[in-house]
Structures are given as C-alpha cells and as structure tokens.
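Before we start, here is the structure in question, set down as structure tokens.
Chain nomenclature is as follows: A, B, C and D, assigned in order of appearance, with residue numbering initiated at 1 for each chain independently.
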Amino acid sequence: MVKLAEWRGKEIFRQYGMPLPRGRVVRSAAEAASAVAAGSVPLPCVVKAQVLAGGRGKGGAVRFASTPAEAEAATGAILGLEFKGERVREVLLEEKLPIARELYLSVALDRSLRLPIVMASARGGVEIESVDDAQILRVPVHPFVGLTGYERRRIATTLGLVGPAVRSLDTVLTALWQIFEREDAELVEINPLAVVGDGLTALDAKVIIEDDASFRHPQYAEVRDDRTPLEEIAREKEIAFVQLDGNIGVIANGAGLTMATLDVLQQFGGRPGVFLDLGGTDDPKKVTEAFLLMAKARPAAVFLNIFGGVTRCDTVALGLVEAMKQVPPAERFPLVARIRGNNEDEGIAILRSAGVTSLHELKESVQAAVAAAGGRP
Amino acid sequence: MSVLVGPDSRIVVQGITGHQGTVHTRQMLLFGSRVVAGTTPGKGGQSVEGVPVFDSVQEAVDRTQANTSVIFVPAPFAKDALLEAVDAGVTLAVVVTEHIPFHDMLTMYHYARSRGARIIGPNCPGIAAPGKSKAGIIPNVVFRPGRIGVISRSGTLTYEIVNGIKEHGLGQSTCIGLGGDPVIGTTFVDALPLFEADPDTDLVVLVGEIGGTAEEDAAEVLRSHFTKPVVAYVAGRSAPPGKRMGHAGAIIARGKGTAASKLEALRAAGAEVADFPYEIPDLVARTLKERGRR
Amino acid sequence: MSVLVGPDSRIVVQGITGHQGTVHTRQMLLFGSRVVAGTTPGKGGQSVEGVPVFDSVQEAVDRTQANTSVIFVPAPFAKDALLEAVDAGVTLAVVVTEHIPFHDMLTMYHYARSRGARIIGPNCPGIAAPGKSKAGIIPNVVFRPGRIGVISRSGTLTYEIVNGIKEHGLGQSTCIGLGGDPVIGTTFVDALPLFEADPDTDLVVLVGEIGGTAEEDAAEVLRSHFTKPVVAYVAGRSAPPGKRMGHAGAIIARGKGTAASKLEALRAAGAEVADFPYEIPDLVARTLKERGRR
Amino acid sequence: MVKLAEWRGKEIFRQYGMPLPRGRVVRSAAEAASAVAAGSVPLPCVVKAQVLAGGRGKGGAVRFASTPAEAEAATGAILGLEFKGERVREVLLEEKLPIARELYLSVALDRSLRLPIVMASARGGVEIESVDDAQILRVPVHPFVGLTGYERRRIATTLGLVGPAVRSLDTVLTALWQIFEREDAELVEINPLAVVGDGLTALDAKVIIEDDASFRHPQYAEVRDDRTPLEEIAREKEIAFVQLDGNIGVIANGAGLTMATLDVLQQFGGRPGVFLDLGGTDDPKKVTEAFLLMAKARPAAVFLNIFGGVTRCDTVALGLVEAMKQVPPAERFPLVARIRGNNEDEGIAILRSAGVTSLHELKESVQAAVAAAGGRP
C-alpha cells in the first residue's frame, strides 16, 4: 500500500492526460516565490501542504495567495509544520480556478464482486463516507472490457454533465481507468473533480499503489509512505510488522493467528505494541532477524505464539535462542512463549535450555505475558 | 463424499522442483493424495518424490489426466501458471503463492470462471479431506477424518483450530483455507453451498478475519440457503483501522470490515459465535449436541 | 417448439429511433413478435410504433423483462451496445449492424459467452420462427409455418431460398441468418444441434458461402451428431481467390475456403447438395419424400 | 483489407520496438545513392522493390549492392518496373545481415476458433503454404489475456531458440501481438524472421489492416492498395464492387445472392466482369450511383438480379431508370433484369415503362444475359 502525496498523484495524472490546474511543487518559500514570478503558478493561487492525511482544508494546511509575496509567506508558514503526525516537506502551489461545482470520482476494488468499481457522486468536495449512499453511483467495471460507453453515459448523467463537459468526463474517465489498471493502483480518487467553464479539472489526487505489484513498478519503491521507520525496515526484509499503541510485542506465525493472539491479549488487559507475523518460514535466520527487529521496538514484554505447520517449532526456537544472544543486555525484555505443533517437543527443549518456558494453553500464556509486561492479571 | 477434492483428484504440482513444491509434494503423497505430475519449464523428464516432471501443464494433463493443480510458482509468474493450468483443462487450481497483485488475480479469476475452472486462493493453504486427498500445504498431523467442515481465510490459525477439533475427539470432513488476499477465487459464499450439499458434513466452522465484507456476505447465505449449524470466529477485533494486519486483505478501510460488523451479521444469521479460537472445539461439540446431530 | 426465439421472446430493439430500427420494429410487430422495449440514449420516454423507448437496456430489462435484443446501432458503437445488453441480462442478442471490426467482435463474442449469452450475427438478418416470433430483418412475406429449418450465412439469398420453399408449398420451422462476417456469434456448428433437438424441424437447409471453414466444420457435426436430412448449397464457386466477395468473410485466402472443398465435405457427410439455389426447393421435397418424412 | 507495402509495415514495426535492419525507402536512384552515402543504409545492402505481390526474390525484384554505385544502379533498374501487374514506385534499401537461420512468425484470425492464432515455424523464408503442417506451431491467443508466458515458451522451443535469443523473441512477440490488436490488423507476418548473432531481426513485414476498423485508424485511408481505380471509387462510396476477368456486369443485392448469381452465370457460359452488391438500400440515389459506376467498367451486358426484402423492388427500379438516362449513348449496354420480392409488381411496371423486361426465373434470365453479351446460349 504505497500512498502517494497529491503532487505525486498529479504527476501520474498528467502522464495519462488528466486535466489539471497549472502548478508546481516546491520545497522552500524562495522556490515558491520564483515559481510564481516565473509564471509557472498563475495568481491567485492555492498553497497546499503535501501530507497524506485528509482534512487539510479545515486543518489550516491549505491557504490562498494573490501576490508573489503572499505565496512565499504562505509556503513558509506551512513548510515544516506537523500535520496529524506528518512533517510537511513539500508544498503544492496551483492556480485558483473559478469552480462551478465540485464532483467526486474514484475507482477501487470491490472485493465481493471481484471487480473494480467506479464511484461517482455530484456531492464532491466532502469525504465520500459522509455522502448518502443514494447519492453515489457505483459502476462495476469488467477488466476484460474496460469502462464501456454505456457506463460512461450513466456516470455523466449522475454527475449532471451535458455537452462539452461529457467529452471532458470521457478524458477524465479514460485516464482514471488506465491509471488504475496500468499502475496497479488500489485506489485512484479525484475529490473534488471541479466543473470549470464547460470542462472538468482534477483539483485533488489520491493514488494508492499496490505493494505486491512493485516488481512491475520499481519507480514507487522510493516513495516515502506513512510507515514508521521500523515498519519500513520490516517491509524491506519482507516481514509483516505493524506498530500499535501498546507495549507488548506479539510474534506469531500467520496473519490470522497473530490477529487472534492480539485479540486474546487485549481481552486479558494487555496492550499490543507490535504485530509481527513470521509467516511460514523454515529458516532460523529469518526468525533471528524478526526477533531483533522486535527488540528495536523496545517492548515491555514479548509473547511468542507459534503453531508449527509448514514452520517447525524447533526452527523457530533455534532462531529465537540465537537472537536472544545478540540483543544487548540493556535492551532485553521478558519473553513468554507458547509453541505447539510440528516438532513441538524439540522446540520446547531448545527453549528450556535457554531458560524460556513454553506454556501449553493460549489463555494462560497470554495472562503470563500481560503479567510480565507489568499489567494487572 | 467430500468437497472439491477426493479420490478422483489427480494432482499436478506447478513449480514442483522448487523447495516448497518438493516438500509439499511429499506431504501430499503421505496424506494419500494422488500427485500424478509436476511441472517446471525446462525440467521435463526429471522426477520429484517419484512423481514425473513435465515442461508444461498441457503435457502433464495429456500424459497423466491431471485435473487439479497446486501452484507454488513465484508471484510474478503465478498468473501465467494459472492461465496455463486452465488452458490445459484443469478444473480446480489451488494457488498457494502469496503477494500476487490483485490486478493479476482479477484476470485469473474471471478467466478461470469463463472456462469453468475454480481457483482456491491465492495466498492460501489449500484444501484437505482427511482420508481422501489434500491439495495444498495444511499440515497432515492436524487432521482426523470426521464430519466437521472448516472454511477459513487464515492459514496457521486454521491449523490450530483444526488441531483443536481433533484434540477434542472430533474430526473433519473437508477443510478449505480460502486465502488472505482481497480477491480470492473461492469465498465463503462460494464454499458454503458445497458443504450444504455434502452429506458427510454435519456442521461448518467458519473462520473469518477483518477486512472486506466476506463474512457479511456469508451471513446472507446462512440466513437464506443454509440448514446446517455453523460455528463462527472472526480474528482481528483488536486491530486498528487503516493498518494491514499481515494479510493483504486484512484491513479495516473507511470504516468497513470491522470484526464487530462481521460478528453481528453472523450471529444474526444464526451462527454460534466463538469469541476466542480456543473456545471453538467446545462450542462445536455443544452445538452438535444441541442441534441433535451425532 | 422453435429454435432460440418463440412466444417467450421479449424483444428490446437497440437503436429503435433510427430509420432501420423503426422500420423493423414495425415489421417484427406485424410478424407477431413481442417487441416490448426500445433504447436510444437520451430518447427515453418516447415511443416508437407504440413501443416504449428507454435510455438504457438495463432500464428496458427492469421495466419490461426483455430477454432478447436486436441491435441496429452503427458499427463504431455496436460493441458497446452488445456489452450493455449482456450486462443487462439479455440472453440472446441479434446484431444486425454490418462493418463491425472483427477485433471488436472477438471481445463481444467471448464476453457474451462468459456471461452465458448468445450472439447471432453480426452483419446478419437475424432469426425468425413463422407464427411465433422474429428477431431481425428477414422479410415477413417469405415465410410460411412448416417443418424445414434454414441456417444460412447469407441475407438476401436466404430470403430467396426461404421464399422458394414457400412457393413450393412447404414451410419453415425456424430460419437463422448467421451473418457474413469472419467472426460470428453463432456458427453452423453452434446452430445444428439446436435444430437436431427441435421436434418441429424435419430437415435442415444449410446455405454456405466461400471463405473460412465453417461448412467443413459443419460437415463434421453432420457426420457425427446429426440424424436429420440436410440439403446444402454453397455460393461462390465462380469467385476468384483473394477477392472479398461482398461479405467480409467471403474470401478465398491462401487456398482455403473454396466452394469445392466445402461442397465435397458436405456431400461426404451425407448432405444432399444443390448446385444452384433454384434447385433447393425441389431437392428439399424429394429428400423429405425419400427419407420418409412427411 | 488494406495491404501495406513492406516499408509501411516496417514503419509500424519500428513504432512497436520490433528489431529491424537499418535501411531507408527511396523513390529515385539519386535518393538511393545519397542514402548510402549518408550512411543511413550500411553496405553491403539489399535493394527491394516495394510491391504487394509475393515471390519478389525469384522474380528479380530483389537485388544486392556492395558499393554506392551498385545501390544506385540497382534502384534505377527496379524502379518503374512492372511486377505481377504492379508498377514499382518505391524501393527499400537495407543493410545485408549475416543470417544464421530464417524463421517464420505471424498472427492472424482463426475463424473457427474465433481466436487470434500465432503461427510459428523454424522453416522460414519460404511461403508458409509450402511448409508441412507438422512443422508449424499454431498457438491460439485469448484476447482477454494476450500472449502468455507459457505460450511464448512453446514458441521459443518450436523455433529452436535458447538464451538471449529467447529474450529477443519476447520483444518480437510483444510487438507482433500489440500491432495485431492495436492497429486492428488481419495479418501481421514476419517471413523471414532472421537469427542474426544471438538476436532476432525482422527481414520482411507483411501487415494487412482491417477495412472496417478504419474509423479508428484514419492514417491508413491514404494507403495505395491493390484495388483497381473503379474499386477504389466504389470503396469510397461504400459499394461492394469487385472487378473480375469477364465481360458481364452483375448487380444484385446481398453478397450471397450476388455470388450465387455469378455462379449461375458462369454455369451457362457467361463470364462475370463485375460483382456489384447493392446491399440493403432503400435510397434510389444509391442505386443510380452504383449503376453509373458499373457503366464505367464498360460491360458487354449487365444482369440485374434483385430479391426485394429490406430493399424494395420499386426503389431499385426507380434508381435504375434514372441511371439509364444519365449514361451517355456511346457507353450504353444491354440490360437484363430479374426483380422479385417486396413491391415486385411496382418495380416491374417501372422497368417496363423504361423498356426493360423483367424475367421471372433465374435460369432463363441468366441465359438471356449471356446471349445479350454475345455469348453462345
């Protein structure tokens, strides 16, 4: 899930011929001033913080400028701000257009239909979640035939477009669909899509690229995302690693088992701090690597819950014992383990030799982990 | 009888010469599956665990009448492998491979469907009917023949639950691991009718997780077209929104896909709901007793 | 009984407000067809020959339960019209439009097939079962209810032949004009089994023409899966190679598709072969007599 | 059916990244000399007449040159030649490459399968019709998924390619398939496809574009084809009009009926000179237009065979009578008519008033037409 900032999304939009306001992304107030002076950003203009979080308008992260001095000042005021936890490093300056109406348009996956779905609404400019379902048109698109003419007509009708605006919509829809397919997007959203004169212009761009397709799109590998630094390292090592609000690290194998373990932990008063899914592995080195990554998150305690299937319990135990040797004494933490399944006895013996007890039942082992982290039970 | 696999399943393993392919071919053979062929382009003529290797699936089908494929090839080539299997006439393909782009899977799913073939997965442990056949990677040891059906979006959690059922003295008719991706070839909605029709299944354990609306969709089926008792569990009630929890499909997006919504739908449709996985075996036994089966 | 159309056919005419659409809607109504709806985007709310016009096929289907479409829209938009019909749930689409690129037709055909819908045409006169229903443009006057089935790649030549059968005192069960394009939704091979299964058809007249191997393929069906007598004619024995004879599909390319090859295959498969169209009615009557029907 | 000359086909090949010899198309010997001198055609080179007919090699339409003077002389010798009825107006000069093997590759439509089909053979450089079927691989390609990896592997094996040549084949196949789909081709053929070093090069290019898709490809409208001038005019007027070897013009409505009429004509000793399919029309003007076009072909006699269905007999008769008035006396010809079907009586009456008799039976009317043209019966 590579979430692209607005300006990156618009770079892609431009490649696919999407109609856009004229503008430029800048990284300093001086750059903003010279962009306006050079005419690459016509005045009056909009000055927008390039952060991934929504609600920029209400949050003061979008400003307006009518003179070069105002553009410079607004850019300077926004750059470096922290907005919902994100530092503003780029600012997008764009011409301010005379907007007649604001529409909504997106394409995403409908998992139940197993088809992409275009969503269109005449109620643009607000979060789509706040729009009544009856005011949203949902058009499934079959990947073998693409967005057909009759579906385009339905969308035009829903958006209340006639005449030349329908041709403009056609351009927008073609770009939207091509970006979704060719860039392996999970979401392409234009909100608002503005009616300006008798044409359309994409005022915002939200593009999310699918991680798993990165082998086809190396250009997105460099993109800064909203992962934490540890999550970023984990991603490179191909470990499923999610940082949460609590203080107990959970290592399990398999996403479902890891989630279930977190659920039980929370039920008994524990606060999960890290979700680490080892996946199916039979390489002790990968276990060591994962465990050391967990140590970097500085958990109050770690709970290991393994059900050996493809993964063998002794492999995990070996990797874990090796990792425990490598963690510096100052960073050590209590460890509670429960390993079951394939080669269970061997695994338990290896752990025991390293001073770790493996408990049998999920419930009792979770309670022990919560106690080890200093929680009540 | 069993669901989708059985004594007539003639399995071809695509990517048989890779590490995973070889390991699980052996496990499938030990389970009693008829693994009749393997494929790896350029390695035709070899054999793995006594199973002949061919260069193409078409050759494997022509020579061994394989009808079921288990796919272990790496994600960038998985779409191609599936299309090859479907074109060669395979009617059931278990795609174990994870990290397949969902755009690829859309093509795979709709193409397979148009050719009358079914996909299980991707990113799934596959399917097993104890005493009959296994196509996939679910550990052999967790099974025992019986009359409980299991349908799950998880891998290891499924093993733990299936194992729990065994340790409780019960057994399984067929167990399907649907896979943890956003687009899967066989969903709860697709699988439930197969268990409804299976005379060897008395009760179905449905193991869901956060993300999407597969469990809500399943609840619709339970409500209208399902007569057997169902015990349901949904993982991820503690998961925060917007975070992908290990599975590509396990994400609460825009307020949709929460465990609460799923549990409520399943409960309202008459399923017995377990709050935690370790409660499942007991609940299964109690439900069977109350509903007068076994 | 009849083939593909009948009293249950509820027809929607796509492009009903165009000249052809309007003319043939009237003719279909006069034939006795149940034309329940028409569509032309932007003209919803009008009516043509008393038939309500809708903006979309989905609306037409929702409001009138149309199940059969006749498509008159111009070639550049025909693919879209067909996809719309299929997505709206129409199960039979007669595409009258000519000059549709075959690349478009490949998409139309495979998409329709994957959704369980059948296409007749394109570039075809459609289908008619006298006394029951007509979906297309074959002139009403040539028909008379009877027990002869007609399957043809031609248009006007078919009218002449059907008319000849009528003037000879016989009648037709169902007549299908398959269309003259290289890719057609229903071929002889697809249509023959329908007539084999139709209890109201005693004999089939098969009218082929040069180009492709549709007649040779049909001969295979006649040989193995067809029990009723067949009278065959193939137009174009005088056509030179490499020239497209009016129909996009009527071309002898690289030595393939000659009338001689087709006639030989049909004769070898047991069909009675007419050398010229005016011989057909006599040959039909004689064959019926010899084979002991009627 | 727009058949493209080799150099036009190669222009398309180049757009799609197909590996090609370096070369240039020229229209004069001087141009050839300067192309060689400028280095845009390396020596030694091949000098090829740009005609659509096959068999150029054996027919003397392909020559070789080792010096600029030879290239100029060879070009001069070929230009203006008539080759199988075609005048040579362009010559393609290309570097002569060290060819290891000659392969065959094409994609066309399989009408029975209703799928495109790639044909590949290691026996390239000869007409594919002369190659044994067992030596040709036929790979159907589903348009919804394109040419898959496993199909590409089969083709590589058939062509006997290994190592880097397989990657080169991949480039060739991708280009081949994309041209077929995106240019609405009926045929894309590379014969020979040469193995040169460890890569592949397309030595020839045969591309046929589908007429009916011309609304998507206006660029092909200008291309000279192997139609006669009258066929070209007919094409613009959207009349199906084919010139044949004989002297009797046939006008009928519907392709099947027209073909059947020709067949009967030939059976009774007539020699068809023009195939004119009026199609389904209810516009007398179109009939007049078609008839005047027929007059331009100077037939010895014309036979009109109409079965009125969609077309009304009186419409045709009106158009015909109008046309007869417009044909100059010197160009007039005997006309035999047979009109049946829709509004038959009205049509016959109109013809009669213009002095034309309509006969009832196909056989007798064909015999009358043959007699009118001066034939025996």
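The criterion applied here is as follows: a residue touches a chain if its C-beta (ideal position, glycine included) is under 8 Å from a C-beta of that chain, and two chains touch if they have at least 3 such contacts.
Remember, predicted model here, so these are calculated numbers, not experimental data.
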Count of contact steps on the shortest path from subunit B to subunit C: 1
Per Cα centroids, the chain farthest from subunit B: D
For subunit A paired with subunit B, centre-to-centre distance based on mean C-alpha positions, whole Å: 28
Between subunit A and subunit D, centroid-to-centroid distance (C-alpha), Å: 55
Centroid distance [mean C-alpha coordinates] between subunit D and subunit B, Å: 54
Subunit D: positions in contact with at least two other chains: 142, 144
Touching two or more other chains - residues of subunit C: 107, 110, 114
For the subunit A and subunit B complex, residues of the former touching the latter: 1, 109, 111-112, 114-116, 129, 142-144, 181, 184, 186, 210-213, 215-216, 240, 242, 244-245, 252-260, 262-267, 272, 275, 277, 279-280, 307-311, 340-342, 361-363
Subunit B residues touching subunit A - in the complex, by the definition given at the top: 75-76, 99-104, 106-107, 109-110, 125, 137-139, 141-142, 152-160, 163, 180, 182-183, 187, 207, 209-210, 212-214, 217, 233, 235-240, 243-251, 254-255, 259, 275-278
Residues of subunit C touching subunit A in the complex: 41, 55-57, 77, 80-81, 83-84, 87, 107, 110-111, 114
Contacting residues of subunit B [partner subunit C, same complex]: 110, 113-114
Subunit A - residues contacting subunit C, complex: 142, 144-145, 148-150, 153-154, 157
